[in-house]
Amino acid sequence: MRSSSRPFYIYAVLFMLFLYGPILLAPLFSVNDSIFATFPLKGFTLRHYAEMANNTGLLKALRNSLIVASASSIIATAVSVPAAIALTRYKLRGSGLIMTAMSAPLVVPSIIFGVALLIIILRFLDLELTLWTIGASHVFISIPFAMTVLMSRLEGFDKSLEEASRDLGEGAWMTFLRVTLPLAMSGIVSSLLLCFVTSFDEFVLAFFLSGTETTLPVYLFGQLRFPNKLPGMLALGTTILMFSTLIVILAEILRRRGVQSNSPGEV
Amino acid sequence: MIQRRPDWLAGYGLLSPAIIIMAVMMVTPLLAMVALSFWTQQGFELDRSFTLANYFALVEPSSEPTYWMGIPFPLTYPVPAILLIKSLAMSLAITLAVIALAYPMAYFLAFHVRGQKALWLVLLTIPFWTSYLLRVFAWKIMLGFNGAINSGLKSLGILTEPLSFLLYNPLAVMITLIHAWVAFAVLPIFVSLDKIDRSYLEAATDLGDSRLRRFLQVTLPLSAPGTIGAALLVFIPTVGDYVTPTLVGGPSGTMIGNLIQELFLKQNNAPLGAAVSITMMVTIAAIVTLFLWLIGFRRLRSRAR
Amino acid sequence: MQRIKFIDRMASGRIDRRTMLRQAGAFGVGLLVLPRLPQAAEVLTCLEWAGYDSPDYFKSYTAKHGGAPNFSIFSGEEDALAKVLAGFKADVMHPCNYSVNRFVNAKVAAEIDTTKLSNWKDVFPALQMASGVVMDGKVVMAPADWGNSSIAYRTDLVDPEYAKNESWSIFYDDKYAGKVCMLDNEIAITIGMMVGGEKYETAAVATGEKLAAAAKEWGTKVVKNSRFLWNDPSELQQALASGEVVAAYAWNDVYRNLKRENIPVAYAKPKEGYFTWFCGLTMLNTGKADPALAYDFIDAWLSPDTGKQLIEGSGYGHANMKSFEISDKQAITDMGITDPAEHMKQGTLLIQVSDAVQTEWNKAWGDLKALKQ
């Protein structure tokens, strides 16, 4: 390491401390034998995890979240695959504009969509608020993520394979099934994971669009106001933390297998 | 011989499901918002005749200005204007702090890490995909009266009385939001730094430029696209954030998102809430456009010279 | 459930082509592709105050139906009303004598047929006919709990002189800035006007210039001095227990719980007067569950056993006369009173205000909070 690296290295370590310090309080206090999240620590316990496992409201919210996240990640990826192929394989007029418009959910504050969708669903369409309404909104916010991942994957591989397939007389559909799809598979899987995590963690839209059935973040938000429910929520947070870490690592491994590019910043 | 369909037709065909979903989910809410902002709340009913009254209410002048942070607001209903300016100022400060913290980290990753780049990047990505609410709440635990900082310092004997100024203020909101976004901002900056052709840097060194000069004249301008992208990705969503102010801000940490939520869900005045939302979006769009235009403008000027 | 209802409406010809297309379009592809999500539409949905969703309060309902209803927790009546008006389908709501008119005026409250409530005959006659329970000759709220709003304060942390001269003025006193905690409610302005010498009954209905002036003089001060504005009693309880705040607007249960934790706390009888209120259950016409479930839930709330839980557990009074017979005598003595009519007379009964006044106050309070620097 060069000598000029040292200050940067120290900075990077401090940066990571700042980043992880507050997050790691959750695992720490979740095994602390007290209902208050304060120092000094009282002793080790797993009872908060047992409480969590017996909390039916929480488990119901967890189940809802899993349903919504699975459904919305599958739908978002399913519509994004053809769209990403279209944008990378065909020279289309206005494709830049389309791509820009599709990233809009990233840059419009979600409270606006939350409120607006609420009004449309209740006052204009006269529908009920169910997990469907949450799921639909999650498809919408997941599409930009799915598109980004899929497009970077589709741009990455050799187009001559598809051309070769067509030259051999395969139709567009067979070419897609036999060539494009297998090559894009790693992109599809990371898109699914990314959309899943996006939906699983989404709070604002779910808050506005949930009726009696809520998702985990909305449930968590309601419970955070009660100090005596805090340790159980920290246990839950720790569990989520561990699972998302697993998912991120899994996604990274898959992505790595697929693309030999070291710019995950595009994700 | 099979007649092939024209490419563009197939292309738009493949695009259409995504486009339809995006159009339905994005355009209709915005149109509904616009429509609503021209209506009036009459008690518990909506009066659907066209009016500009909601927008006029936001700018209606008053002879008695309301003072906020020493700035006079000569409006009869100054709350939206004050909160919009406050939110923009807070977001701007958050964005600047995030960029200032993220840039050296991205620089370190791009130029000083060789072997374990991937490890560092995964470490940076993990917090972004862990529960946002949990991260916000972690700060409440950190900053609370009986929180980690206070009780930690107390048990170490540094404090006798807890510090009460940590939580329930705009600073708490800003710290929490900086923490929430900083890892996210590293990635685009890193990508643009990583793309810089090393030969430019060597050329600058060969020409005898000092390290600082080289940074200012070569590295910084070349990393501008990623930095600007990161800044916008932080700035835009934080203006409308209301979860963080709700949890850690107290009344003095209120932002424009809280007002929108309150108008819709507590004060039962959806049309006014819609007008405030539209105004906020238009203002953000105008600021972003102005910012991008200024940057483009500068670049044009420097080329002309 | 929505789908079944939709098909049912279509089949019975109650749906025209436009509505059908509109709804079909809205459901879109997702409905066809995805499996049907489980929905628990038959379950009773109750809008409740934080802490009032405790299973102790509706045991006979759980026993009869094998499970608790769904609860949606609100922090103030205005939130709950806005949620209902936004389309939230709740069956039962828990308003109070001073707020039930909002639900009646918004046409979301249903008349209660008291013959379907087995415990109604044991409700204190004074409560059966009280204003708020009966509106325009119809019973719109089944009275359940009654109690106080006063100041709970730490006797070890406030000036000892305060105990001799208890007053709401502590919230407007800069000496206690950052050490007091007010309810997140516009009543903070009313109380300020009372500290300034105004009577509650005229203060609570102030509008226009008068309200604006009071908001500016008293409201700004209380928002500035409050450590935070509480929405949830357990959050307040913790703040009082830790000494983060030394005095707070509080209901009986907070005082009772702190006392049980042996925390030196007193419940004031301020010179401006303390407040009394009674709350109850209102049936909403927005629900989807069978009204019989709502009646069972309300009846469970009116039972003597629930009363015993309230009296012994929280220090609140209960509407059922029999609950006083079966409750711990010491708990009743601690509560200080057994007759609701007498209780209402001793304190200042919170009153109903018109919708226009309420709307103006909501806005005034919202603006005050937003402008805190």
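When the chains are written out, they are named A, B and C in that same order, and each has its own residue count from 1.
To be clear about the criterion, a contact is a pair of C-beta atoms (placed from the backbone, for glycine too) under 8 Å apart; a residue touches a chain by one contact, two chains touch by 3 or more.
Listed by chain with UniProt protein names: A, B = ABC transporter permease; C = Extracellular solute-binding protein.
All of these numbers come straight from a predicted model, not from anything done at the bench.
Undergrad: From the centre of subunit B (ABC transporter permease), which chain's CA centre is farthest?
TA: C
Undergrad: Can you identify which chains form the pair with the largest number of contacting C-beta pairs?
TA: A-B
Undergrad: Could you work out how far the Cα centre of subunit A (ABC transporter permease) sits from that of subunit B (ABC transporter permease), in whole Å?
TA: One centre to the other, that is 19 Å.
Undergrad: For subunit A (ABC transporter permease) versus subunit C, what separation do you get between their C-alpha means, in angstrom?
TA: 38
Undergrad: Mind pulling the residue numbers of subunit C that touch at least two other chains?
TA: Within subunit C, residues 28-29, 86 contact more than one other chain.
Undergrad: List, in ascending order, every residue of subunit B (ABC transporter permease) touching at least 2 other chains.
TA: Touching at least two other chains: 17, 146, 264.
Undergrad: For subunit A (ABC transporter permease), which residues are shared contacts with two or more other chains?
TA: Residue numbers touching two or more other chains: 36, 118, 123, 136, 139.
Undergrad: Quick one: which bits of subunit A (ABC transporter permease) touch subunit C in the complex? Just the residue numbers, please.
TA: 36, 67, 71, 75, 118, 121-123, 125, 127-132, 135-136, 139, 211-213, 222, 225-228
Undergrad: Under the touch definition given earlier, write down the residues of subunit B (ABC transporter permease) that touch subunit C in their complex.
TA: So the residues of subunit B (ABC transporter permease) touching subunit C come out as 17, 24, 43-44, 66, 68-69, 77-79, 82-83, 145-146, 162, 164, 168, 250-252, 254, 258-259, 262-269.
Undergrad: Quick one: in the complex, what on subunit B (ABC transporter permease) touches subunit A (ABC transporter permease)?
TA: 2, 7-8, 10-15, 17-19, 21-22, 25-26, 28-30, 32-33, 36, 46, 101, 104-105, 107-109, 112, 117-118, 120-127, 129-135, 137-142, 144, 146-148, 151-152, 154-155, 179, 182-183, 187-188, 190-191, 194, 226, 232-233, 236-237, 239-243, 247, 257, 260-261, 264, 270, 273-274, 277, 280-281, 284
Undergrad: Over in the complex, which subunit C residues touch subunit B (ABC transporter permease)? Could you list them?
TA: Contacts found on subunit C: 28-29, 76, 78-79, 81-83, 85-86, 105-107, 178, 223, 226-229, 239, 242, 244, 355, 359, 362-363, 366-367, 369-373.
Undergrad: Hey, which residues of subunit C end up touching subunit A (ABC transporter permease) in the complex?
TA: Per the stated touch rule, the residues are 1-2, 22-23, 26-31, 33-34, 37, 39-40, 43, 45, 50, 70, 72-73, 86-89, 231-232, 234-235, 237-238.
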